[in-house]
């Protein structure tokens, strides 16, 4: 099912949209996803409940995002540098704990998976669809959304309006982290029922690309992620059907599709003007 | 200036001490917790540690770093360095002449020297048997395979799988191997398995290492049979048989020959004859296999073991 | 009214690195009074206002409002206490609509719905009260500077402010707009607000303020009721002496210069910003082009300097305008957007035009020795207040930033000089200097196009005057009606 | 500039955090630190190890400096690195066939072609940005993924070894490899080349007219435009130069170290160039310092992983903490953040 496999990227991208709207590009998204995947698995494995697992995954994703926020928002350090370090940290911590606990025996790790709620659809997939709508509302219609967008466009204006730029950006990056954690948890508990080192395999970066692809609008970001998900499943189907083409070309297909769409669509809404720019209160 | 790798040998300090301590290192490309190719070698290394009370060490080393890693171990007086992958063969051939007191052995690879050799696991033998089982047991007449990468060590086994299938049932349709391309991506492995099940395959073998969970999961959900590989995975859900390597005896034997100084730089082919390669049907599934098929499989296994049947394999 | 009512600052000190921007400044601002703060560029006016509104944290000193201490460095609290500031550099989100910008500054907190139209209401009501017409759904980025300033003012009027600070609000306004603004100031005053005004034009100050305070190089110089001062006195406080009057025009001969015939220029959104304009500027002549901001000034100016494509004939001395063969100098209207690289040093900003000078180059390389000498000289000549040309322009006051832009444009004798509001934000002395440099350029044979929203400036400098209205150039037929025309 | 004092403070804080990390993972602290230090600095092998790792990092870092300085946020160094090497390998294959020893300057030719390959790959993203408005951040991410697949295709298709067994190219003969200084170590001429490039780039950025224009465009493209500098053209050239530098990094790795391409060739050097460049404040000489810091850190932690049960994963933790400690302290020590009041521009 395309929706299921597209869900991790779609979730992470939707959350990241909010973060970027507030002016923070969270390069550590991949790390939050991986931490989410691992700690969700760990909690589900030790408690037997995938639901507790989900919560643990979200918490792990959030924690890393807040660490990122402390460095970039409070200390004004470059977001790309800190994000890269966060990714390394997540890879290292999850890998180290995993290696000491699992995978030595030679048997594959299995944990309880999320049960479906409606037919084949499970709770997280429903949540994804709802959150795309919900976040659109938040951005367009809520006070928080207005302030967040102002922070991403022109932080000085948000500050002049009486808001703390730092607090707003923390909210934004927390949103990125929470959704990335959930996305990771879904990868391990919703789809795989297991964990493997670095199992997110670049999905965080794809999600960041999807935010731009979807022009910073949650619904479009969701659509973009689904389009890529579709291209992905198409390439698998083509491979399985024995289509005579280098398989590398097929694997590259989703990325080629995205690039082509962008070339055709071209210039659209531009990025939030203050994206990735540290804000230091005037002194 | 530049110096070729064939220039005169320098003797390094820290060459193996005469103290009698036996030191063995293992280089792997990926994590040794992959429940597959690498973890098998890691188990064997631990076997050497416990059985020969050797000092052991292991490290994940990309081929770009291989020479440096090999030199470091040699300088620290390691007697034997295993490189678990053909990728290590060239670097070993390059570094070997400088460190005559250390033996370098790669899993596969064609270059040898007096202290450089290679191991070749004849895993194709058991994949051949897996193919036979699948072809005979398939109800849809279609079987398939899922692999992580399009590399010769993997492809060779999948070819043997196809050969075995065709030998047992000439009408069987063997889907071409499909690749998900990224190590450890369980979700992709699962999605890909679903897509070949959609092509009617009801037996699926894998070369997915840590992502094998995705293959088994998809098979279990769709009610088709999965075949394990590299390690005996018969305890996993949905796995009806496994084609695997028992690495420890082979590694141990090799380590002993190094310790006894009887090692010769050569390429050693290890297969079913030494018990290193094996094929086993899940005991729970055995009841569903007709007796004549079990007999056929046993006979074929015996023929392979005695060399009467030579399973095709690629050189690399 | 108690003695404590109003806004009081005491012993404010603020340093930026080695530079002391404010040194022990104290002042009192009373309700029902318009209080002007005067001083040269870089005197510390904006810094002081930043402290009052919480945007700048002082090193020491206190701020009291009606007898209660104002928390320093916290814009939100200052705003809640009723201190609103109209910034010299606006704080509008240009991607937002007018209504969204209003709503943003009226949000009660984060946990509610935005209700943009409801929250924009007080500001829109204030607009109606002041007789300003607005389209609330329009994007701020599409508005002229004058219109943006109104939005900035209305934003402040949407709440119940007690103190309203205007930092150089008149710098880019036309006389009508200034008069309109003063009407608003008087109304605020009669409503009992504390009104603080920063302006450079003494005539404006004398006509509106009730009280003045003068700063010089970060120090408090004097405070006095308006009745006690005159222009001479203020100028003396500010700069020590009054600059000499403008030199009379030398009788140079007029030579054919820039001729535009049926010019049409497109704006950024593809609209025809300039329609079928024709004009001539002889060498040795200044053509003043007046009009309310946003009527095509930017587009026409960019077309004249050949950075914006133009339809029609644009010739210089009989040949098509060709940037390669003639020297064109340009002072753009928006210094921070079009004039300066804010991350670079003063010297590097001077190089923006300077890097083409053969004397500053050695083949593909820059000639640093010549460069330092040249930059030092420019900085001195235009008295840019900075420690050295290696300082970053971001640390300069608004007026000093303007000097950097103007100095590099007027450094060398151009064939064609196009200037847009060249003295925006400059103090008297700097204004006089720039004016004299423009005249000098003219006298040396440049064709000069002077775009300005300041009628005084136009009539003081220009040899001929035209007006831009809705993309059309009209000969001078009495300015009043034209300035009445709204963008 | 009291940069040295700051650097010293950073270094001290960094060491403290490293110690804490090791303790957290129950590694013997003194031995571990010694292993890390030995791995990076103890003898010629260690120094060479650090230098070998610094080399591609410095080149890709410099590539990032060029693009980011021009205001183009190239994060496609990885793809440009890989494609550069593929281009070079194509020439390499030709040279092997044509009896390389007979061709003087073969390595130079390969390096040049690598640079061209990287430049072309970056140019695609640059063109998409300048002419079609596609953000570089997204196009380069996508091009990175595509480049990896392109490599897989190349080494199992047109560029595969003669024997056609393994997905890799044929090993280059020594005559085509970059000179090494000592046959016992891997350090090669590429390291010198990278350092020279840092100096060249410094001169370019700060001493030449073209470099000045590049920085101006990066700071404010509109100012450049009204002063007759076409920002699009400058950014496109910057992107191509940036890609050339990353392609060169790929070439240096290919000719200096491995001599053949396989699917394991990409080791994230292109990606790591970004933090290296940013840590170096987008200044070429400081980037060289940052690259050496990263290189030594990688070499040292690798040594730790080699001789203790600590695996690659702990190495990542140590690297991450080291970087965070470094930037965290530099943030704490930042004497004066840039004045925001005047840097934000007026909406127009």
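By written order: A, B, C and D. Residues from 1 in each chain.
Rule of thumb we're sticking to: a contact is a pair of C-beta atoms (placed from the backbone, for glycine too) under 8 Å apart; a residue touches a chain by one contact, two chains touch by 3 or more.
What you see is a predicted model; the values in this text were computed from it and never measured.
Counted as hops between touching chains, the shortest connection from subunit A to subunit D is 1. In this assembly, the C-alpha centroid of subunit A lies 44 Å from the C-alpha centroid of subunit C.
Here the CA centre of subunit B is 34 Å from the CA centre of subunit D. Averaging C-alpha coordinates per chain places the centre of subunit B 75 Å away from that of subunit C.
In subunit B, the residues that reach two or more other chains under the touch definition are 31, 150, 181. For subunit A, residues that reach two or more other chains under the stated contact definition are 95, 98-99, 154, 156, 197, 202, 248, 251, 281-283.
Looking at subunit C, one finds that residues 50, 55-56, 92-94 touch two or more other chains. Contacts between chains, counted with the stated touch criterion, involve the pairs A-B, A-C, A-D, B-D, C-D. Those residues of subunit B lying in contact with subunit D across their complex are 1-5, 7, 10, 12, 29, 31-32, 57, 59-60, 62-65, 67-69, 71-73, 75-76, 86-87, 90, 98, 149-152, 181, 314-316.
Per the touch definition, subunit D reaches subunit B in the complex via residues 45, 49, 52, 149, 152, 156, 163, 165-167, 171, 174, 177-184, 186, 253, 257-258, 260, 262-265, 267, 302-303, 305-307, 311-312. The touching residues of subunit B, when paired with subunit A in their complex, are 31, 33-35, 39-40, 42-43, 144, 150, 175-176, 178-188, 190-192, 194-196, 198-199, 210-214, 216-217, 231-233, 235-237. Per the touch definition, subunit C reaches subunit A in the complex via residues 50, 55-57, 73, 75-76, 79-80, 85, 87, 91-96, 100-101, 103-105, 107-114, 116. Contact residues of subunit A toward subunit B in the complex are 5, 8, 95, 98-99, 102-104, 106-110, 187, 191-199, 201-202, 232-233, 236-237, 239-242, 247-248, 251.
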